[in-house]
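The same chain A turns up in both complexes below, where it pairs with chain B and then with chain C.
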Partner chain A sequence: MHQRRVIPGFGLSLGFTLIYLSVLILIPLAALFLKAAGLGWQEWWNLLVSARVLAAAKLTFGASAAAAALSSVLGTIVTWVLVRYRFPGRRLMDAMIDLPFALPTAVAGITLTTIYAPNGWVGAYLAQFGIKAAYSPLGVFIALTFVGFPFVVRTLQPVLEDFTKDTEEAAAMLGAGRWVTVRRVVLPMMLPALITGFTLAFARAIGEYGSVIFISGNLPMKTEILPLLIVSQLEQFNVPAAAVIASAMLIVSFMLLFSINLLQRWLDWRHR
Partner chain B sequence: MSISIQSIHKTFGSYKALDDISLEVPNGSLTALLGPSGSGKTTLLRIVAGLEFADSGSGKILFHGENVVNVPAGKRQVGFVFQNYALFRHMTVAQNIAFGLTVLPRNLKPTAKAIRERVQELLHLVRLDGLDLRRPDELSGGQRQRVALARALAIRPKVLLLDEPFGALDAQVRKDLRRWLRVFHDEIGLTTLFVTHDQEEALELADQVVVMRNARIEQVGPPQQIYDKPRTPFVYEFLGNVNKLANPNGPAQYVRPHEIEVKFAAEFDPSLDRLAVVQHLFSAGPVAALSVRLDDGQFLEVEITRKQLDELALSEGDSVALGLPPTDRE
Partner chain C sequence: MSHPDVTTESKPVRLLLIAGAGLIMAGLLLLPLLAVFIEALRKGWEVFFVSLRDEAALSAVTLTLTAAAISVPLNTLFGVAAAWAVTKFRFKGRALLVSLIDLPFAVSPVIAGLVWVLMFGSHGWFGQWLLASDIKIIFALPGIIIATMFVTFPFVARELIPLMESQGSDQEEAAITLGAGGWQIFRRVTLPNIKWGLLYGVLLCNARAMGEFGAVSVVSGHIRGETNTLPLHVEVLYNEYQFSAAFACATLLALLALVTLGVKSAIEHFTDHSRSVL
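Entry: the complex of A and B
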């Protein structure tokens, strides 16, 4: 620690980082696990394999992954348009991407519900084809796509802006068609950022509550998500059960995010 | 393959980038498009490549007599080296070089073995043997440039186009690569067109120099001719060190510093010479540079050899007689 450093403030900033991590992340999480530990292993296990929790977990992680995947595809296209083309209204469109960040999620939820409900603008149309959007797992998926999408765009944007048109032109000069250029040059170069965007959208979707509870209908075993299950446990003053579900959710999320991280490292390493 | 550019126009909105450009690039030549930024040289290169399109209804671009205006870039058999090389970052050097061969339609695509051999051959040609598995970000600027060149050559182009090929390199590497490229061109004999804003580069490297300015061609010719017989004041000034002498009775006279003869003041011949006073002397280099003030108050830069300087034994403040070249030149 007695090494001299050119950049000042190492002690101060490290101290701040540790305090921040402790106060805002580690201590609350520790408290959560402590609460959950109040129950024995057997109770943990019984709670977690109960049909209702399993169904909610399947919906939460499944819909989140699917929504993050769709966000990645749509986000790629939208980013492409925003970065590569100049058209009137581009800046406005660019600013609109961030709306799901700023909008209170409840507002988003209510709005989406109104539109996708069987008598809503889009919902009525979908209903003609026998598709039920609101109050179904599909509704959960729609809401999660809505909140995850900006993460993908904002992660990809700087990367796409960074690699210049030259690279694509070089591919074209070498005889590659449009599709080959996208598949062999553009997508591989974007992949690391795309995975990051996917991860962020995925993480956000797992924890999402506000926008989902309105559109999902919250039918146990059918359209109930884990965060809602936790809240309903709390409302019944079953705090330990809520803590157990939350802890398990945290552990699973952490493992998922960590493995995506490893995958990304591996991709990166393979490219060195 | 010869390139013939015939009355090409290009406008971006209301901005004229190329105004009626016609140019012949002889087969096997090394031609430089030289000009300041905004002169249209890069636009012209990109139009020849097919990366940009000339205004509709404007002229033709012939490759060996065949109009290629409507041929897409990828089918023109043109090798293009971008200013920043535009290498594929996620591919190895070998994959970069092989790219143009691997994207060929199945019936034209060489076997994997043939591609490997071609890559090795090209790596050897650009003096990068053994670097096939490196990534672009592990290479120096000069090496990247040669990878870009090898990648462009892999498709056996009929024409090679280089956009500011040395622009992103530092001075020493730039000089080395310049010499190397000249020798390289003479070896493979590919018709080459390159863009530069550096007059030294154009004069040293090219067999034909095209000086461009404000969307038009100012002069075309071999380097020697461009340097010795500039046709316009712009070309005179753009091609480096020149003194502009105001003449009250006619157009300004342009004189290069080395064209001025320096004599003892005692040898002054009023009918031919001008009198001047040495203001500054710079002798740290292969030639000595003098800054002198003429009798009418104008300043001139003069270059003489170190030997001449010693013979004249000049110091600052001395009077000298200057023999200026005759003014009747083009």
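Entry: the complex of A and C
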């Protein structure tokens, strides 16, 4: 479209946007990748397959995936209830969904630790069964479930609200029971949004720091997550190692973001 | 609908699901929220207020407010400019620009702090030069501000872009034919149309700016009374086993969260705004 621009401010707004974006985001990220690229492939490889990094990566990705999966299950139930049923307290419940986003991560971190510590409200109960929640991988999983939950609900909610009930009516008319209708008709329609929500929760969990470091106990090789490993490398003035681990994490995050965008684009295209 | 019951569950199932959702909300979200306040008051109101009036706590509050007071307006200005450029005009690379604006959401807060250390830290790109000119960025207020700006960068823009896209440019074009200037169009036509979306974006941006922990923690250096923001002060107290004091300061942040959620859901309710997270 090369019509004459009638609305003013193109140069000013785009210029400011590009300069601000470059100075604040692009150049600093480039600094990170350049720093990491200063090390050769061999050093990258040695660093990334070192036992401590591998253990941290396993915990970070494993706990993130497990937490995103639990968030997806819990989020689906809560979203279903919020969208389909009317009951007292529904609006309050709706407003509370975003608490993990609004509550600063450090506050979430110390609070979850206090609840799940061996002498905490829930922790003491779990301890009776020999389950150690705080200061173990289970604690990391709990914190990441808390963090990821709103992403699943807020992704599913608009999709479920847009569903018209005619397909469900048709299924019922054809003799399907309610459970069969939900399982064979509704859930498959919700699946793309559920995958998007899962991926968003997963991506957020990988980078999460504040809500995890208190409850995890931070034992190298056991309960140390990747973001904490970056911080500890930095504190030991091992800046190149911090840059390499950070770059590798960013590449994974960008690929996740990219795949969400692809999925969304494919869904938009299919809906047309 | 003559048979509304075929598209919903039986009453026992409905009640069971509502109870299940209530339990999930209570266990996952309400319990931690309550715990903040209960732990803060465990040793009584006196300890609570003494912890809040502590000098280090007051300086942490001041620092948090200062960092938000600078980073939120700047990111708001950016958000408006970016939304204007992206929605009022069509140009090459526009889609790429929109994706780049979302980039900071994919970056771990720790990495958002690390990039500034690599730029301005003593071994960073400008490290030697800053040292020679006696300018402190890392372990000082400027570092805290730029780290906060990095993590809160997309909030206003990503709120305004879909909103202004859906509103189109007809009203602005009409204003031009009536002889209005650029600034006048923005203030009298665009701004009234986007004011709720703008407020929504600023609200989320502010909540994140005041609560940011990871990015700020990397650049702050944890100098008590100097470079500790409120979330960092909470961490320091907690690590010193001053649990009641830590939770007393945490209540301020929890209250901020509750006010944010309240205003957010009020805007959603009164303006038919879709709910968004991030």
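Following the convention adopted for this analysis, the second predicted complex is superposed on the first by the 223 of 272 C-alpha atoms of A that agree within 3 Å, B and C clash if a C-alpha of one lies under 4 Å from a C-alpha of the other, contacts with A are read in each partner's own complex, and residues count from 1 in each chain.
In this section, contacts are C-beta pairs under 8 Å (C-beta built on N, C-alpha and C of every residue); 3 or more make two chains touch, one makes a residue touch a chain.
Note that the structure is a prediction, hence the values are computed from the model and not measured.
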Which superposed partner A:37 touches (first chain B, second chain C, both, neither): neither
First (chain B), second (chain C), both or neither touched by A:234: second
Which of chain B and chain C A:188 touches, first, second, both or neither: first
Touching partner for A:254 - first (chain B), second (chain C), both, neither: second
Touching partner for A:206 - first (chain B), second (chain C), both, neither: second
Which of chain B and chain C A:174 touches, first, second, both or neither: first
First (chain B), second (chain C), both or neither touched by A:21: second
First (chain B), second (chain C), both or neither touched by A:48: neither
When both partners are placed on the shared chain, which of chain B and chain C touches more of chain A: C
On chain A, positions contacted by chain B and by chain C: 169, 172-173
Chain B residues touching chain A - in the complex, by the definition given at the top: 49-51, 73-75, 78-80, 82-84, 86-90, 99-100, 103-104, 135, 151-152, 154-155
Contact footprint of chain A on chain C as seen in their complex: 3, 6-10, 13-14, 17-18, 20-22, 24-25, 28-33, 35-36, 39, 77-78, 81-82, 84-86, 88-91, 97, 99-111, 114-119, 121, 123-125, 146, 149-150, 153, 169, 172-173, 176, 181-182, 185-186, 207, 210-214, 217-218, 231-232, 234-235, 238, 243, 246-247, 250, 253-254, 256-258, 260-262, 264-265, 269, 274-278
Chain B contact footprint on chain A (complex, rising order): 163-164, 166-167, 169-177, 180, 184-185, 188-189, 271-272
List of chain A residues in touch with chain C within their complex: 1, 5-10, 12-14, 16-18, 20-21, 24-29, 31-32, 35, 74, 77-78, 80-82, 84-85, 87, 89, 91, 93-108, 110-112, 114-115, 121-122, 145-146, 149-151, 154, 157-158, 165, 168-169, 172-173, 178, 182, 203, 206-210, 214, 227-228, 230-231, 234, 237, 239, 242-243, 246, 249-250, 253-254, 256-257, 261
